[in-house]
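One chain, subunit A, appears in both complexes that follow, with subunit B as partner in the first and subunit C in the second.
Moving on, here comes the complex of A and B:
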């Protein structure tokens, strides 16, 4: 029968690829919301449910709420409020980005093979997906010009880190506490980002970060 | 016997299903839409008419629609519809079929070029370019299926213990293949994000502009060929989507055509909620499907085991 965790990991890979290829900002935000939901559901299906304490299930639910709804919601509101142009404006083009995604997955398959981490029940896909998400997030962060797409790239990196954490922690759920702290940091970061973007936008005409590099007094 | 029945049912039902797409689109727009049997009326009307041939065209122009329709029909002959054994099958028939479809497209393009109309030449160029890209995805899927099942015919893909469907061993990875195949289906059949079948401006057309000069029975044959092709792709998708293999052939057939109808409806929904892409974004869309399948191939490589 189909393994739900594998299906979720495939969907994560799909969202990574789509985010590399998407040229609309709104589409990117929606993809990130989808990825957040899928990624936060993965630990639920990865291990046996009977071994899960009430506390960790609660953590998972809060994680789902923050990753899947709150953060994308904030970004969504920020995008709408500051009236950014809808195009993503990549430094490296879409075709090249998708091709880079293919290379990332190849490299992460190689790395996951070399790491020899004892994964729960042969979840080979988990480590590959995690590293691919991490590197693609980093790539997105570097190659997109807008401040808001850089936040999205950072968010994707965080998703990758979360997946790696899930892969490393077998049955214990203490890792969620650390993860949770990181997630709260990001949440606050994104809220501040929204406010700052708003201010930048009211002071200047554009939120292109390339323009910020040329600031002089 | 069952195979013949399934084939006949498929051929008979093929013109009705695209009307489902039109119906769904009409419902989205708040209209009533055409009757479900509209395409039968259209075909009958067209077959009653005569054809008009320009004096500047040659026999190639008249050959195009016939070859196009026949090659699409061949696809259905070799495909295991509703889980029955296909009428014909041999090892490696997938290659022949996809190249037969290429042959059909080649003749459609030739017929378009034969009219010496600049619009049709433009449409032919686009069709050739986009389907070249889509072919990459199709063959990547075939390579993947060969890795999974070790066979190269549609019958072996979808029957036996190692059948390719999402209930099987590789079900999770097939999710990506399904999405890639869906993109290819939209591309090959000139549906919305790639080409708009309802457009009225020749400059933005891909497939429709190529058949502007065909009339009467020729046009009917082209339409029939397009419907068979769409049915083939959605049957392909539904075989992957359907994990059940019921004992009763009748129920099996109903289930199969039910899933096919759902796929057509989803095409209608996609067409209603998305706008078509700018021409320069279409290659990216198709290459995304190729990248998806390539992802899956990498994941199944020896590297990981």
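Moving on, here comes the complex of A and C:
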């Protein structure tokens, strides 16, 4: 069982690096859908979760539905409907982004190593993946111009939080708090809705946050 | 059933969405009145929460609830007159969202459960976003986008903070309900490393909402783009609610014997916020942005006071009350100025002393109050914080604190003088009236009254609120 979870973790890392490197918006959305599916499957293959309660299996399915299908589908709709230009428009270039992603992996490995006292062994890899996803999500959010890519970055960050939750949760209380992370998806949904609505109202020529640059000091 | 403080505005908010505008305005004021009565009853201990596992009455929570409810009443009176002067396409949405906003803020003030508090703070973001976007202009859209995005990142990090705090409980093999009150009783058993990590994330997360630098970047935009009654509400009530989240974390840290650690973090963030505000105050072009930076400064002062401990905590609590009163009054006056000159830029205003004497009196008095002049309460609270900091031996920090205060006063007074006595050649769009100046006066007057005469019950509430983090009037 451990091998499957390791494979899923490396797939997550791969999707993180791919998303940092992708220059096409559509590809980015597909990668996010893939990442959502993989991330929500990970808890299923972790060793300590063998005797899963009915409730948490149900919760897993809900997560899979939201992270893997609903939100990416919603973003996909937004991209198509409002005819966003298909390039990602980074502030920091793709090569530099991938390089930053690699550095994040190193830093996460270091942090996870430092936390070692409190972690069961098989979760160290999970912790590294989780912190990398979280920081790369934040990085994506800060270094891409389009509003829609910022939402995607936020989504990735949220995946990271979910993974950290899975890595560390072992009792009902912690599990309980992790499950409330679902509410963050509401925020994501509202942001996407905002993007779609405002373009329909044509208050905006393009959903580019570079245009959202009038207010500054 | 103290939960009615949340349920009542929620219910009337839904109704107001579907009613004609005039009726909706009436509902807004009536709800504000009823809410204030409920809050006072709760504060006096006459009404208790029913769902004890999730909500509780704490002195600091009641303080925030009382302040919120009090300024909400005057802001809603002002809003009725303000809304009839401005053309807003969707006024029912404004009224409904303001009431929902009040409901979520009441929920923050009462929340005891970690997750309920988190949900309530997330809900305040969602309910206040439509208020910022009310004018539907390009810049309003930008401000709203920034607000929602940055606060969402903050709220996500705060969730992580909650998670780590609960984790510290699991690692310490403690099994109690995840409420702040029960966690505080077993604080000594919690795993200190995860508790510290959790607190840091909590401060960063809720600090984003509270406007602590460097996570404050949404605040000037949101406060300047929102219509003035909404800005007053954001600055006077919302920031306190976010502060309450951090305060509860600090209480937990204090009980766990990690008070020094959390104090240092709070003092650090507090001083940084004040310095950032001081720097940006100097070349400010918009008066609402100037007030927004002043809010960042004052949140920094409160964080600093709570971090320093001892006498300064008492000062910080007083500061919270008086900042809410004076700053919301200032934002209400700024609404009159905006209506009168039709511009948010300082350069497009001037000669306020002659053209708008009533607004000028309120704005100038408010400015004197926020800068710490007597007879306004901020004079007392800042003196207490400075004295407390010297007592506790934070000599270097308090020097920076005083320097920042001086810088901010220097920066802001130049702008206020320009607005009040500078030349102005344009025309006046909307004249001031009593309905839009009396609420500002009332708020300022309350600050003066509370400065010279603090009711004993209020004093006791403050004392018992700060006793939980080791603060007290005798150092």
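Just so it is clear, the second predicted complex is superposed on the first by the 175 of 217 C-alpha atoms of A that agree within 3 Å, B and C clash if a C-alpha of one lies under 4 Å from a C-alpha of the other, contacts with A are read in each partner's own complex, and residues count from 1 in each chain.
Please note the rule applied: a contact is a pair of C-beta atoms (placed from the backbone, for glycine too) under 8 Å apart; a residue touches a chain by one contact, two chains touch by 3 or more.
As the structure is a computational prediction, the values presented were derived from the model and not from experiment.
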If you stack the two complexes on chain A, which partner ends up touching A:184: first (subunit B), second (subunit C), both, or neither? second
So in the superposed three-chain picture, is A:145 touching just subunit B, just subunit C, both, or none of them (first/second/both/neither)? neither
Touching A:165 in the superposition: subunit B (first), subunit C (second), both, neither? second
Should A:13 be classified as contacting the first partner (subunit B), the second (subunit C), both, or neither? first
Could you look at A:110 and tell me whether it touches subunit B, subunit C, both or neither (first, second, both, neither)? first
Tell me which of subunit B and subunit C touches more residues of subunit A. C
So, does A:157 touch the first partner subunit B, the second partner subunit C, both, or neither? second
Partner chain(s) touched by A:30 [first = subunit B, second = subunit C, both, neither]: neither
May I ask you to decide whether A:101 touches subunit B, subunit C, both, or neither, giving the answer as first, second, both or neither? first
Those residues of subunit A which subunit B touches in one complex and subunit C touches in the other: none
Of all residues in subunit C, which touch subunit A in the complex? 114-115, 118-119, 122, 125-126, 129, 136, 138-139, 141-146, 148-149, 152-153, 155-156, 159-160, 162-163, 166-167, 169-171, 175, 178, 191, 193-194, 220-221, 224-225, 280, 283-284, 289
Going by the contact rule at the top, pick out the subunit B residues touching subunit A in the complex. 166-168, 171-173, 175-176, 179, 243, 281, 283-284, 287-288, 291-292, 294-295, 298-299, 301, 303-304
In their shared complex, subunit C is touched by residues of subunit A numbered 118, 138, 141, 147, 150, 154, 157-158, 161, 164-165, 168-171, 173-174, 176-178, 180-181, 183-184, 186-188, 190-191, 194, 198, 203-204, 209, 211-215, 217
Taking the touch rule as given, give the residues of subunit A at its contact with subunit B in the complex, in rising order. 1-3, 6-7, 9-11, 13-14, 17-18, 21, 23, 94-95, 98-99, 101-102, 105-106, 109-110, 112-113, 124-125, 128
